[in-house]
């Protein structure tokens, strides 16, 4: 690890890209085409290397992964001026581990489709321009907009970038900063806020003896998967907790569950009420912690009713209740597939009710430890922001809109006609590394440097134990001299706008200054705070977590409608491979088979064998999934991990732009979503779309890894019962 | 029923004349055949160049199907080569003199099919340009091939067998080459002068010739058996279900003789028809060949069934699954066709009327060989389709590159053979003369009754050696 | 012994670098060479406990941006090789000295010479010269200078670090006598393997192949 | 080994060829993989791509079975004979199995290679020397786990368009068409770790070398270590599970032990160096 107190800036300045063996990359000679003739390769020496730089020996530098909003700490292996490999930073939330997206974030950095210079729309198409011209265009179009007529539309932002962005908005006289993430936990946050008094509390999976998760894919896409995986390992050792997952389509977490229960989409809340009913009526769990209104609702949902509504059998309900009753403390979570419905708020509320009923609050759910500096905290995304933004744009509210770190034209349902509405914005600026679907519609494109080329601070939205500021430092020289870091651009815009107090030569200088001004409680006693933080990759600020309240809201459930012409539920599932589509341009991610279906490089629809039999389709047959907003044709994968009434199509593929690896690859289920909205939180109910499926008659082999779905009687993975495990390895 | 297998009254000069006639004045049909073969070879050459440039990918080989048609066809051609040894060496030693008019082209077939077979292990290498690494040469790097690998044994076996069978072919041809020399002019005379090694046909030469010929025959028989046993070791030495089978060596040898004999019938009919060798390649000889083929077919069928049975009654689940997969898996149609061609079709050989009907025999012999080619494919591929590891189960269809090269290999063999029949006598003149001589002296009408060998005939007295000293 | 040390060596046969010719010359040496080419270590007696590798090669002249005179530095001024090639004892690569190191001396020494002027020009432009690689091993070879220097110099009893150039010469030839370095040893696998055998180096393929 | 060496050490040479492998190991690198902790998240697989210059081959080729996933994450559904049932849904979730080269001590791939490009190192690794490989692909055919992958094309043309190629790890070669490749237990890391230890003048310690997969695993389900170092975590795990290298049937299994450790297809007597610990389910 980097044990050197160094000035990274100088290091990079003096280090020629590639260092020794720069002209041809070492390791790239092909075994069959070897030349060892003299004078065929070039060697460039260092100009003036740092003491610790030894060619041929890798150094590790800390940074932060920006591939998803979790913000895991990483160590990057740097050799001869190139970053080669990322590993988890053991001292941060994610520990040693790093998920596949984090591993592949290197390919974001080295991507061949990165934008290498500013581009402006001229005569209908984007053409490269110089930075001078770009700044001029920006000044002309954005410099003198009226107050309040500009907006930022970004993904999750935190740290000093958020500070600068806020300052910039202020200078423009606008309050409008929309933070949009297609994969979010916004409904859950709203319920947490209402019930617990805190939007993102700390979950202690490792302390739970049983976890019941309603569609919260905490090993895959929910909140902070790598951190949860680490806790999950603890949860599974010793006395081994029991994991139950209730959802319409098997997620990665579901695949690891002891009990995976398929519930009709949108009925997770009903299942939760049913479990509560069993707990109270059969197990004499005292309902006194719940308000009477809640108990009345629970009483309505006896086993038969729950079975009728959700399709979850009485036996399953009783077993789940038994597990929860017998293993305390437990933890009940709710996620994507429960939240993203018209009744998502009630679903999440019902799940939260179980936590209160079982007395988990304060044991496995705790107050989190927010960073004391409010302005550095993460602004987490929601799809409500997208809806509001679309509305505002449609109303012609903005003259200038800045996009950064999000691709709404890909993730927004076609029904919203976001593209059409965006046409009403005269000047759209996209700050992006790639020509994604949104950037292609921009009037001005400013090329960003990659997270591994820039200085940055960020704050992870999920701060369970210790609040921390994550530090990013450049792991190598920028690949292109024409890209700029987001921080530098913000600073530049502030300067162009003539805002006082931002007279720094670079974002790096600003950051050093800003870090220096952090309160002493955060800075601690380090001799050289800056160097120490950069070297460690984080600044930790321990504080007592707040305490949580338990104000349960309304539990009454809305009946899921029958669907009429559209009897099936569309589940646009999320997974780690593609996330919301941002990973579609990474060849490693495309090449990785999906965790559950093992399909690669393509989209697929998951249906239950019974549904398939009814349609008469086999694996690889195309089905047409039709909603009131359009249809998509997609190949099917048939297995028993999806509810009979549901058809699951993973999101993330089907880009129209976004580089050679993403373009034209698969279909985008988000494109046919109906505009269903969860009324309480205002979120887009992405799982609320009803569809019909028909066979198209076309067939193409499904690109799927693995010749057999079962072990064909070999003992490759065998299963022992938890009882045996506890006997032999239990604590 | 007894029919004369050769007319003993045939004049010796006519034998020379007939055989030498077959060597000259190629007709249009010959050139068409040559052109067709060259075309086939060009397909293969183009495919190979493409494969060399691009890699093994276009051949559709994949994980887990690392081997496919190349190895199957390699085994097929190696098998084909066993017929020549059978006819010339084994039948020579056991004294079946009806082989005499037909052994020459069978031997040529041996050599050429080996030349064809030898190409396949080379073609199938991912890095052809390093193929010489399998040979134990003294290297600057001080490294050696892995002598434990059956592929190395293959390299040794094939090169040895090729050398020996080519020698055997050549040595057996020397007296005939001398006849050619004496009758030829121009480049042919020069060629035959060199090749006949100064053969004068005197006593001493004949004595040496007989000895060396017998010696070579004795040497070749164990060699041939070992070669195909070694080829079978490519599979039998592995641990894959469906390959790791103890009975593979005899099974492969039987299969080899089987396909070789079937090929002999094919070529017999072709040569007889086009070169008008009716007087030498007579129906009775064909009948005997057919009977021999039938016997071998039955041995092969027996071994096939033994293989099934031993797997079925064995304890290895994976092997059993592999067997069942052959009968029911993706390649099952080919497997059933193979069983039909290999086990059912040869019963056609059991009927005299069919045996004596040339077109039927021609078609039947081709069917048998299709069966034998499929057999090799069905050994290689279904095992790779489903073996121990379910995650790697996969069905693969060979790509056009593989087909082109396999197709071309037949052209290559045909081309070599076509050249052979016009440059060298495809019927052994001196041995036919011997045969005629013997028939005249021992097999005349009354002698035939007296001396003709029959199993039931216990009154043999002074049966002369059919191979004169 | 029937098979001499030199049985497989290239002895003093000039190898011209083409594989085919090398092969021929090898066979030639093998035929003629039995025992006749025994010459062990007379020239390099300074390095104890070592059987120096055998084989020679006549490299081409490689043009360099600056004709660096190894002879003046290493021979006339007796500068230790590791003074400039400083990574050799602790890394895989010996390292081309950083330009700053050159300038360490040449801001004062011989500043009027044309080569130094050129160097100064590079330094002032904040550039490093692009040298042409003379001793290149294929990229699938894991060769580490560190191990060799440690074995032959630092952990070699009786070896004087002053004489490190004798060890360097095993693979790089007598650089002291050259201006611009030239490839003087074949650096083929056989060359390595024979030396490894003679000096009990590792014989595992994966020690060097990566 | 030169001819001289062969002659002088004939009996050793003969023995290695009779019995295969080494008999005096310097290290014995092993993995222990706990399927109770493994979530099937694929991080190990991508880490392997990143560390080992694995080519991404694209949809068509990967679908054809010409991909390079050295570490593949297998997913199986329960079937009746493996304790599953014919219920309407997969109630027990999936079984995940991260499968990389098992570095068998009696590797079936080794004896069949015609040019000895694959062999056993004194570190207990099943080595593949890319340069020596001529691409006969026999090793892959003879690997019961199907863990060897062949370069059907020159993937380097297409896999790393500029500047993706700058990510290539210089410590390991990029393979060209026609050679076999497979998991090496990150031999470049072992090499670096050893060099590092040697230059610090100490013995290799547990934790000095971690394979890319083990390092990236979020649940730390994969543990890498030296079996000969009794203090290593991996060796302790093996000992705790009473799984031994060598036999084709574990003593504890014969005794009906309930411990979870097993080796995949052990009965084939390949003597794999990777121990798995059974998946656990509540019922």
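Order of writing sets the chain letters: A, B, C and D. Residues in each chain are counted from 1.
As a working rule, contacts are C-beta pairs under 8 Å (C-beta built on N, C-alpha and C of every residue); 3 or more make two chains touch, one makes a residue touch a chain.
These figures come from a predicted structure and were not determined experimentally.
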Graph separation of chain C and chain D (steps between touching chains): 1
Chain nearest the overall C-alpha centroid of the shown protein atoms: D
Of all other chains, the one whose Cα centre sits farthest from chain D: B
Mean-CA-position distance for chain D and chain B (Å): 43
Inter-chain centre distance, chain A versus chain B - centres from mean C-alpha coordinates, in Å: 66
Separation of chain B from chain C, taking each centre as the mean of its C-alpha atoms, in whole Å: 57
Centre-of-Cα separation between chain C and chain A, whole angstrom: 53
Contacts with two or more other chains, residues of chain A listed in rising order: 26-29, 31-32, 706, 708, 710-714, 716
Per-residue multi-chain contacts in chain B, two or more chains: 127, 138, 142, 388-392, 394
Residues of chain D whose C-beta touches two or more other chains: 1-3, 5, 67, 72, 74, 76, 130-132, 154, 170-174, 177-179, 265
Chain contact topology (line, ring, star, complete or other): complete
Chain B partner contacts - residues on chain C that touch it in the complex: 8, 10, 22-23, 26-27, 30, 188-190, 193-194, 197
Parts of chain D lying in touch with chain C, wherever the complex brings them together: 1-5, 7, 119, 121-123, 125, 127, 129-132, 170-174, 187-188, 191, 195, 198-199
Residues of chain B that touch chain A when the two form their complex: 127, 129, 317, 321, 386, 388-394
For the chain B and chain C complex, residues of the former touching the latter: 138-142
Residues on chain A engaged by chain D in the complex (per definition of touch): 18, 21, 25-33, 58, 79-80, 82-88, 94-100, 102-104, 106-107, 110-112, 219-220, 225-226, 229-230, 232-233, 236-237, 240, 242, 245, 250, 252-262, 323, 479, 576-577, 587-593, 595-596, 598, 600-602, 608, 610, 639-641, 644, 665, 701, 703, 705-706, 708-722, 724-725, 727-729
